[in-house]
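What follows is a pair of complexes built around chain A, which joins chain B in one and chain C in the other.
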Partner chain A sequence: MAQYALVLWAAISLNFLLPHLAPGDPVDVFTGDANALNAEERARLRADYDLDGSLAEQYGRSWARLARGDLGTSVRYSRPVASVLADRLPWTLALVGLATVIAFAIGVAAGASAARRRGRRSDVVAVSGLMALDAMPGFWIGMVLLAVFAVQLGWLPSFGAVPLDAAPPSLAWLSEVGRRLVLPVATLVLATVGSTFLLARAAMVSALEAPYVGLAEAAGLSPRRIVYRHALRNALLPLFTHLTLTLGTLLSGAVVVETVFSYPGLGRVAFEAVQARDYALLQGAFLLVTVTVIAANVVADLAYPWLDPRVRRAPMVKPA
Partner chain B sequence: MVRLVKMVRRAARTAAVVSVASALAGAACSPSPSSDDQRPASAPRSVERLTIAVDQDRGPLNVFVDADPRLLELVYDTLLSPSPYVGKGKPWLAEEVRQVDARTWEARVRQGVAWQDGRPFTAGDVAFTFQYFKTAPPVGSWTHHVNDVPTIERAETLDAGTVRLTCAFACPDLGPITLSYLPILPRHLFEGVAKPAELTGLPIGTGPYRLTSYSPTSGYRFTANRAYFAGAPLVGEIVMPIIPDVNATFTALRTGEVDATTRSVPPELVQQFRRQPGLQEVTTTPLKFPELRMNFLRAPFDVPDFRRAVSRAVDRADLLRTVGLGQGRPADKGYPHPGSPWTNPRLSTPTDGREARRILDGLDFTDRDGDGVRERPSGEPLALSIKANGDEPTHVRAAELVAGHLKEVGIAATVQVIDAAALKALATSRDFDLTVSEIGAHGVADPTQFVMSHRSGYLWQAPKVAYPEWDVLFERWKATTTVPERTAVMFEMQELFNRQPTSVPLYYPEEHYAFRPASFSGWAESPGFGIVHKWSFLPREVARRVDALSQEFGPRR
Partner chain C sequence: MKAGARGAHRRLHLGRTGATGVAVLGVLAAIAAAAPVLAPFDPGARVGAPFSPPSTTHLLGTNDVGQDLLSELVFGARASLAVGLAAAAASTAIGTAIGLTAGYARGWVDTVLMRIVDVVLSLPFLPLAIVIGVVLGPGLATLVLLIAAVTWAGTARSLRSQVLAVRELDHVSAARAMGATTSHVLWRHVLVDVTPLVVPQFVLAAKVAILLEASLSFLGLGDRTTRSWGTTLSFAFERSAFLTDAWLWWVVPPGACIALAVLGFSLVGYGIEEMSRPRLRRRPAPVWQRQSVPAGSAAAGESAPVPVLEIVDLGVRYDTPSGAVLALDGVSLTVAAGEVVGLIGESGSGKSTVVTAAAGLLRAPAVVTHGGVFLDGEELGALSPDELRRRRGTRVALVPQEAMAALNPVLSVGDQVVEAIRAHQPLSRAQGRARAAQLLAMVGIDPARAGDHPHQFSGGMRQRIVIAMALANEPAVLIADEPTTGLDLVTAADVLRLLASLQARLGMAMLVVSHDLPAVLGLATRVIVLEDGRVVEEGTGERVSSLPSHPHTKALIDAIPRLRPPSPAVPERVP
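Here is the complex of A and B:
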């Protein structure tokens, strides 16, 4: 745990330093193009947003705030950062969560199936198709889906997460939220399923070449049972690692899709915070991502022994 | 981080053009998916509901945060109307205003007006507003209108219906500028609030619409104030979803999910939107332009004649043709915008390469080694950089063209692309030679901002940086007691500025808006505001009475 604490400290410090080192300043952005404020008024604004003092002083104050559970105030929104993030986080979780589950399920199932049919035409088609899909940028996939399903066919809404009209938690609200999730989720699934598929296929190919598979065949087990009951369980280990490692990055990685669909998620707000040099909001968003990545790693570390009995087995020979 | 932003914005921008173009092309080739794509015989002037996309979340329209003036003026009113960009303010929340003497104004406020929460509007609210802006934390474009140019010393009520405003120096333009610009705030909600920027409640004004719902994830809902003193609005409810992405905005307009947008149509899509069934495209004259700014604190831009040489070298017709796609006017009338009633109509800033070369020769910037680049008197080559926002392709292209124009007269210039926030930070760091950016109506059509820009560091840094000619004019400007006198000195200031400019307008662009005429046909242009503003939603006779409209758009024929 000490290692994780060190990682967290380093990440929070970098989250503080990097935005401050980038050229630009929130007060410059806030005061607009005409630069209508004089130096005294600008200094007053800096003090109001806790941006005065040296970098070291600001760094110290940011830790003091964090210790109180206060993420600071967003310059762009003039609201507590925690409140801005709380508005957006559920939408990103819904978007990324659904997309991850669906992409993982499809990728693993298709990968296992392709490995079983390794070298056959269906395998070649699946590998070629999914590799091509994997090479397509997410925004482009989103644009195509928009042009077809929103513009030409008019089946689905083209933007946003929820209309102003629908009030939660009615059925109409749920239905609208669902409809507006379809295209962004489909985009994320199509953009990410390829890598899961390729990893699942490779892991399954290795698993199917293991000696225990030959033994299972000799024992007369059905091919389906060998693949899904025995080989897949072993192949899932690298896939689980892949899943936990990508969870954190997916939180911020949805920024392109959120931009294309004007979806009000965390990636979008982080993107806007970068544009506005809204240090407090940026640090809050990055902190959330950092904590998610570290938490995902902790989960992976804790879950591994449970998933793989070999890891939790005590060493046979104690070191001298 | 900055690279990520650039990557996302570039990708989205490219995709925007490709996608909207392909969607439009597809639509042109296929049957229209919805019946409302057919233009109606007569379009409605009064409707129950209108959906208008806004381009960004501006929070719950807090005056003390960077709120969009087009949305703010739906909720708040000013003493005079329509805006400083029209020239002469007409009675609005004030039934009458009069300049008592050089430094004093009195306003008789309208009786029988109520705040949207039912409390009566009084002269006390007006006096409070001016006093509050004086002491409240500074914000964007409002503060200087009470604290600097002009400086309002005192705001007091004379009786239940009259307010007196006293300035520190003569303020003949207080009426047409400040009183036509500053939103009047409800005293009962702001009194005692030390940090108004942190207010998160929905605003209460006297305006034609009340903001009845706001969500950062879905947008704004405005409900008509049926008891509005100027007349009931034509649209019962205005719903404004937040669509930050340009592609998503125009896709939503195309699919009919929104009826209009606060965003103007990108020049490259104008022709396609003109042919789009179910949509109407109109052309407006915005009070804004892209500009080439010079760092007057850094040599050689600290030499007035050098700045004039740069201005003469810029080929304005080329910029309009190549970057503005011919949609606009060449910027040969200088700074500020010639469309402002406060701009000297005699200003002239022609392109003249020969004159530029002559000036540079006279300053001893000559090409001594014959490499095509002049050397400074010290012997160093005259090599400059032009910084532009990489998220704005037209600005980058303009910077490249300007670099070419400068090369023609022997100045080497290289273009450096940076992101928007880094560009804005240059205002403080002053680490630049030249920048290409854009300035809006408040900067180029409000004469008091022209003066303020000379004090804030935007156009100059008076009085910190010596500028004797300006100082003389500024003192004369302060001493004037009538609008004609002040305007005459302002014209001289503008002539001085354009003789040795620190900002060169590159071209005066047109703007294009698209909307669904089947949904609403009351759209009109108000100077500096495009088509989405309160005057489009008020009865025509009300808007005409205060000269709020520069163009009215009926259904196309």
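Here is the complex of A and C:
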């Protein structure tokens, strides 16, 4: 937990320090367009962005603002950053959550089966195919899927998250929202499933050489049972840890994928902030992504003892 | 010195995967180097009509301002590879320096550095790179810096753990003990050992860097005047190239090039990993590659009772990368119903191979060159994998070496015993649990603890649980491989007494394999001595111990430390 507090502190401090470390006036960083300002506007913005006083004073005030939940005002939307982000967060969670679950399930299942068949043709095909998939940039996969399935074939909508011609909470609205999730989720799954697969395969290769597999074989258990109940159950431990460690990567993938599909999540907002040089919005998005990663890690830490009996604290009696 | 020689030897075996990667990267590098020659046009010049489809003059068409897309693609290799490699080099250099410092200094320096590494690893790297990128402003130098800044931490962490391992190597400790200065040790010894570890890190970093370069350029943080594959895609996206057929020549080729470059590094990385873990390549399959079925005594005598286990003139060879090793050279032995046979030999004598063969678990790289194993008169080599499986646990059961470490750590011991029962008997879950409780009680484990996991038991208790699993289906013969290894003397004696009493009670045959002669003499009525894959002595326990005919057996007996003459262990009464 101390580690998470440290990460949070680092994210907040980086957010604060980076504009000051940049060459020139921090006002330029915040507004993006330095030449358009005269001295008077500069002074006003300096006050607006709370850039008066010493660095330490500013740093202290930035914490005070954060404590009030004030993330500043977005130049692009002329609204509080916190409220812009609050609208966007659920979409990213839905997108990344779905993609993570699907990619993990497919990657682990395929990896386990490939480890079992390693060296055979089907394994070689799977490894080469998924390695190639893993090498493709996520945004490019998205652009290709968009061109093929949305534009050429016209099967799925090409952008956004909600339909304009239906309102919640109708069934039509829900199905349209689902249809708009298909391509972004598929893109994220394709972009991340390769690394899960390769890792799962390696973890399974190790697990299949563990002593408990030898014991299970000597006891005459079926190969299927040995692979899926004994080896996979153990291989899941490092895979789960890897998953929690790469949540940041998954959210990073969301940035580019949301951009391609104009999906109104945190990633898209970060891109818009870059385009508009809306630094407060960008800072807020970075902070929220970090907090999301930390929250997911906390959940994963709490779930881990459920997977690994060795780290359960009290001697638990397993429900029969 | 030795490690270096082995490293050179290994490099020759990068394998097909790694070689393919090297070839792919070589071609891409050549294209980048020869770009001015290969590109038909100046990528910055307007040489055609905007948005032209592919034609003979413009093989990939033109972009929105009429620049030749093929030329852009060829020149794009330069920026993409240059940024990727420069960033990977910077990232690896920073990561290696930090990792070496932390691993070598240890103490508070290590603690502080690793805390920083953990924090950097926890921050979502792309948003972080965007935040820094916006502050620094777009440009090629910015890209290199950004990528290095968000990727060095992984290298640092893995280098540090490897340095910790290297530090403990003998020659490094020796150099330190002889008073070598820190920097001398660091550069001369640690760096030489660590260099082979840095190469895979660089390969990984290059792969990540090229992908990140593409993503950041796509998001508009690259240099908009120098075209890399990522910037080309960024422009294609902004001009909505995917809304028309233009996606085929404007979007697909640069993405494919990125994927190819990344794949090249992945393949090289995978090739390196395979060198250190050859098992990743192929799963060992069961092998019984005999030329002919031997005429064993099992098939010959019809009147004589068929032995439960008979090994006839068994020859086994291991085909290792460094050559074939003969493990068994014509070993024959029989175990009759209800008989306890001891198999003695030092490590390397072929005991384990006999055990593996008798349990029907021989796998590549083992090759059965001649002879065979008969179980109830059936030749194991002639059985299908499934027929073999159905006999394991029911006809022949194994208590493997290091049995106390053999239980599955994440399943309860009760579940593991139940599973062993239900693999062969059509019992319900509840019936299985009842039977498991009986078995656990029989080996002296409280059945109420069936729901506990292996780590909650002592080594001796885990050994007993494994014995209970082996007995689950009342096997005709039980093979106990080094049943006392790793146990303290008292626990070892307990386990031996338990095996003796269970054998007496259940009347099964038993093959006890050990390097520990007294342990075997206490149990077995007949003893077989194995040396270098051959049987050198066979006889009753008494004869072998009192009148050893082979010098090797005599040496084994003389090696027993004793206070008083050996006496057979007294079977304990079973509760």
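The rule is simple: the second predicted complex is superposed on the first by the 252 of 320 C-alpha atoms of A that agree within 3 Å, B and C clash if a C-alpha of one lies under 4 Å from a C-alpha of the other, contacts with A are read in each partner's own complex, and residues count from 1 in each chain.
Criterion: a contact is a pair of C-beta atoms (placed from the backbone, for glycine too) under 8 Å apart; a residue touches a chain by one contact, two chains touch by 3 or more.
Just so you know, these numbers come straight off a predicted model, no measurement behind them.
Student: Looking at A:R277 after the superposition, I want to know if it touches chain B, chain C, both of them or none. Which is it: first, second, both, neither?
Tutor: both
Student: Tell me which partner A:A161 touches in the superposition: chain B (first), chain C (second), both or neither.
Tutor: A:A161 sits against chain B, while chain C stays out of touch.
Student: If you stack the two complexes on chain A, which partner ends up touching A:P19: first (chain B), second (chain C), both, or neither?
Tutor: In the superposition, A:P19 contacts both chain B and chain C.
Student: Name the contact category of A:L45: first (chain B only), second (chain C only), both, or neither.
Tutor: A:L45 sits against chain B, while chain C stays out of touch.
Student: Could you tell me if A:F139 is touching chain B, chain C, both of them or neither one (first, second, both, neither)?
Tutor: After superposing on A, A:F139 lies in contact with both chain B and chain C.
Student: When the two structures are overlaid on chain A, which partner does A:R118 contact: first (chain B), second (chain C), both, or neither?
Tutor: Touch partner of A:R118: chain C, not chain B.
Student: Now for A:R79: first (chain B), second (chain C), both, or neither, which partner does it touch?
Tutor: first
Student: Can you pull the chain A residues that chain B and chain C both touch?
Tutor: After superposing on chain A, chain A residues 18-19, 22, 29, 137, 139-140, 143, 146-147, 151, 255-256, 259-260, 271, 274-275, 277 contact both chain B and chain C.
Student: Once bound in the complex, which stretches of chain B touch chain A?
Tutor: Residues of chain B touching chain A: 1-2, 4-5, 8, 11-12, 15, 18-19, 22-23, 26-27, 30, 33-34, 56-57, 59, 62, 64-66, 137-138, 140-141, 143-144, 147-148, 195, 197-198, 200, 213, 215-221, 239, 241-245, 247-249, 251-252, 254-255, 257, 418-422, 424-425, 427-429, 437-440, 442-443, 449, 452-453, 455-458.
Student: Touching residues of chain A toward chain C in the complex: what are they?
Tutor: 3-4, 6-7, 10-11, 14-15, 18-19, 21-22, 29, 115-119, 131-132, 134-141, 143-144, 146-147, 151, 201-202, 205, 208-209, 211-212, 214-223, 225, 229-230, 233-234, 237, 245, 248-249, 251-253, 255-256, 259-260, 270-271, 273-275, 277, 279, 282-283, 285-286, 289-290, 293-294, 297, 307-310, 315, 317-318, 320
Student: Taking the touch rule as given, give the residues of chain C at its contact with chain A in the complex, in rising order.
Tutor: 115, 118-119, 121-128, 130-136, 207, 211, 214-215, 218-221, 230, 233, 236-237, 242-243, 247, 251-252, 254-255, 258-263, 266-267, 270, 277, 279-283, 359, 361, 385, 389-394, 397-398, 400, 402-403, 405-412, 419-420, 423-424, 433, 451-453, 455-456, 466, 469-470, 472-473
Student: Show me the residue ranges of chain A that touch chain B in the complex, using the header's touch definition.
Tutor: Those in contact with chain B are residues 18-19, 22-25, 28-38, 41-42, 44-45, 48, 73, 76-79, 84, 87-88, 91, 137, 139-140, 142-143, 146-147, 150-154, 157-165, 255-256, 259-262, 264, 268, 271-272, 274-277.
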